[in-house]
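Here come two complexes built around subunit A, the first alongside subunit B, the second alongside subunit C.
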Partner chain A sequence: MKESLLEILCCPLDKHDLELEDAEYDGDEVVDGVLVCTECGERYPIEDGIPNLLPPDMREESPA
Partner chain B sequence: MDRRTAVRETYDRIASHFASTREYAWPEVETFVEGHEGRLRSGSVGLDLGCGNCRHAELLAGAGLEHVVGLDVSRGLLETGRERALEREFDVSLVQGDAATLPLADGVVDIAVYVATLHHLPTRTARRDSLDELARVLDSDGRALVSAWSTAHDKFDETEGFDTTVEWTLPGGEAVDRFYHIYAPDEFEADLEASDLTVLEWELSSGNCYATVAGSER
Partner chain C sequence: MDLRDRRDIGTDVYQPAEDSQLLAETVCDRLSSDDGDRSDERRGTGDDRTVLEVGTGSGYVASRVADETGVRVIASDLNPHAVRQAREKGLETVRADLVSPFADGAFDAVAFNPPYLPTDPDNEWDDWMERALSGGEDGRAIIDPFLESVDRVLAPGGVVYLLVSSLTDVDAVVERAGEEGFSAAAVADESFPFETLTVLELFR
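Let's turn to the complex of A and B:
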């Protein structure tokens, strides 16, 4: 994902802003990292460049 | 396992084959996007909600937007969208998310397509929540096209809306059930009217209900 996408993303639960932590870049793409809600602290992983912003109760790993 | 998770897992299982059969954008969506290009400016944001392989995100990407977001519950389908974007050289920002709890800020979306996805949400509450969420993320001047499968399709004899499963047959012959809520057209209209969206136009086409909607008054 592009870092500029953060301007329009939010926490799915409480709709507050997200902060990018532990970012790894490939050019201007964020390929790995965590999006953290500035309000509730919920953490959303960026997995191979795609942020997983499913609510936590829908997020459990599915079998590969 | 909760039923929303089940829908995600179903599409993860069938993603590659499903996407390979979803080559072309629907004409109703092309007409909608062409009809709203005049509203789009640099800095505009488009949303393909339930993007699957991003065939409609591709249409939006051709309209000169700042960001096109492709959102889907299924990681497997998002991967097919990524492949399509690479092959066809269009830009789409892929996001895994739930249509009933959108991870998008208020009023940021100028144009959205929410096509053939609403009917996969397994409860009326989730379907109505998703319509309110669409209203929330649309700009005050934003527009969206919402479609769902309906009882008006030749496949169905029913006249009331109902829940069902429709099999998807994988190339090896294995059948995978997919949840659908088949809307009665008047039920579709009633759910839209009850939501925070403002219905501007609606029609039946090829057994699907289509509504052009605006966001909530702010």
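Let's turn to the complex of A and C:
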């Protein structure tokens, strides 16, 4: 993901801003890291450059 | 004939079909048009508009909109296989449940080709393709929560392009959208042997 994507993302639970932590870059792409809610502290992983912003209770739900 | 027979199912990700093409063409046309009453407000703003495609699947619609209009397109899906396919097309992708992780007022347009096929609960199967196709018993199990939540992420003057099918009861979708404060206009339709597809433009 591009870092500028952060401006249009929010925590899916409480809609507060997210902060990027532990970022690893490939050029201007963030390929690894964690997005952390500035309010509730929930952590959302960036997997293969794709932020996974599913609410925690949906994250493990993966048919087939 | 069940859903598996109606669609050519063989992967974890819904591949572009007639509905995808109709939505892509319509969104491109509407975004490119400078004649619409609402686009007047945006005249001169050039290509700094941002568009979200919910449930992007393979990324086909999002790619066409990005390529043909030059707006910034964000592609989201619940399905991890889908967001990977979409990212391989060079799209900015987010794994998301509908519009829940997007900021207030972030988008000038939101496009959605939802799972809309009415499905007998006894006939449901639990895999990603079912999630991509099935809209529950009335076909609106995903459309309704989308209509309830999409308003928050629209910028002033923002619009929704929602693909609906005659199988889903277009009037019921329009009524539900009305309850959420949207006016609806059918901006494209196309008939096929077992359904008519319509693209609704929802605006406030």
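The working rule: the second predicted complex is superposed on the first by the 60 of 64 C-alpha atoms of A that agree within 3 Å, B and C clash if a C-alpha of one lies under 4 Å from a C-alpha of the other, contacts with A are read in each partner's own complex, and residues count from 1 in each chain.
Throughout what follows, a residue touches a chain if its C-beta (ideal position, glycine included) is under 8 Å from a C-beta of that chain, and two chains touch if they have at least 3 such contacts.
Everything numeric in this text was worked out from a predicted model, so none of it was measured.
*Asks:* In the overlaid three-chain picture, which partner chain does A:Pro51 touch, first (subunit B) or second (subunit C), both, or neither?
*Replies:* Both partners, subunit B and subunit C.
*Asks:* Touch check for A:Asp26: first (subunit B), second (subunit C), both, or neither?
*Replies:* After superposing on A, A:Asp26 lies clear of both subunit B and subunit C.
*Asks:* Return first, second, both or neither, reflecting whether A:Leu5 touches subunit B, subunit C, both chains, or no partner chain.
*Replies:* Both partners, subunit B and subunit C.
*Asks:* Touching A:Glu60, do we find subunit B (first), subunit C (second), both, or neither?
*Replies:* In the superposed model, A:Glu60 contacts subunit B only, not subunit C.
*Asks:* Kindly list the residues of subunit A that each of subunit B and subunit C touches, one partner per complex.
*Replies:* 1-2, 5, 7-12, 15, 44, 47, 49-55, 58, 62
*Asks:* If you look only at subunit B, which of its residues touch subunit A in the complex?
*Replies:* Those residues of subunit B that touch subunit A are 2, 4-5, 8-9, 12, 45, 67, 69, 73, 75, 78, 82, 93-98, 101-106, 108-109.
*Asks:* List the residues on subunit A that touch subunit C in their complex, please.
*Replies:* Within the complex, subunit A touches subunit C at residues 1-2, 5, 7-12, 15, 44, 47-55, 58, 62-64.
*Asks:* Please output the residues of subunit A touching subunit B within their complex, sorted ascending.
*Replies:* Answer in residue numbers: 1-2, 4-5, 7-13, 15, 17, 44, 47, 49-55, 57-58, 60, 62.
*Asks:* Quick check on the complex: what are the subunit C residues that touch subunit A?
*Replies:* Answer in residue numbers: 12, 50, 74, 78, 80, 83-84, 87, 92-97, 100-104, 106-107, 126-128, 130-131, 152.
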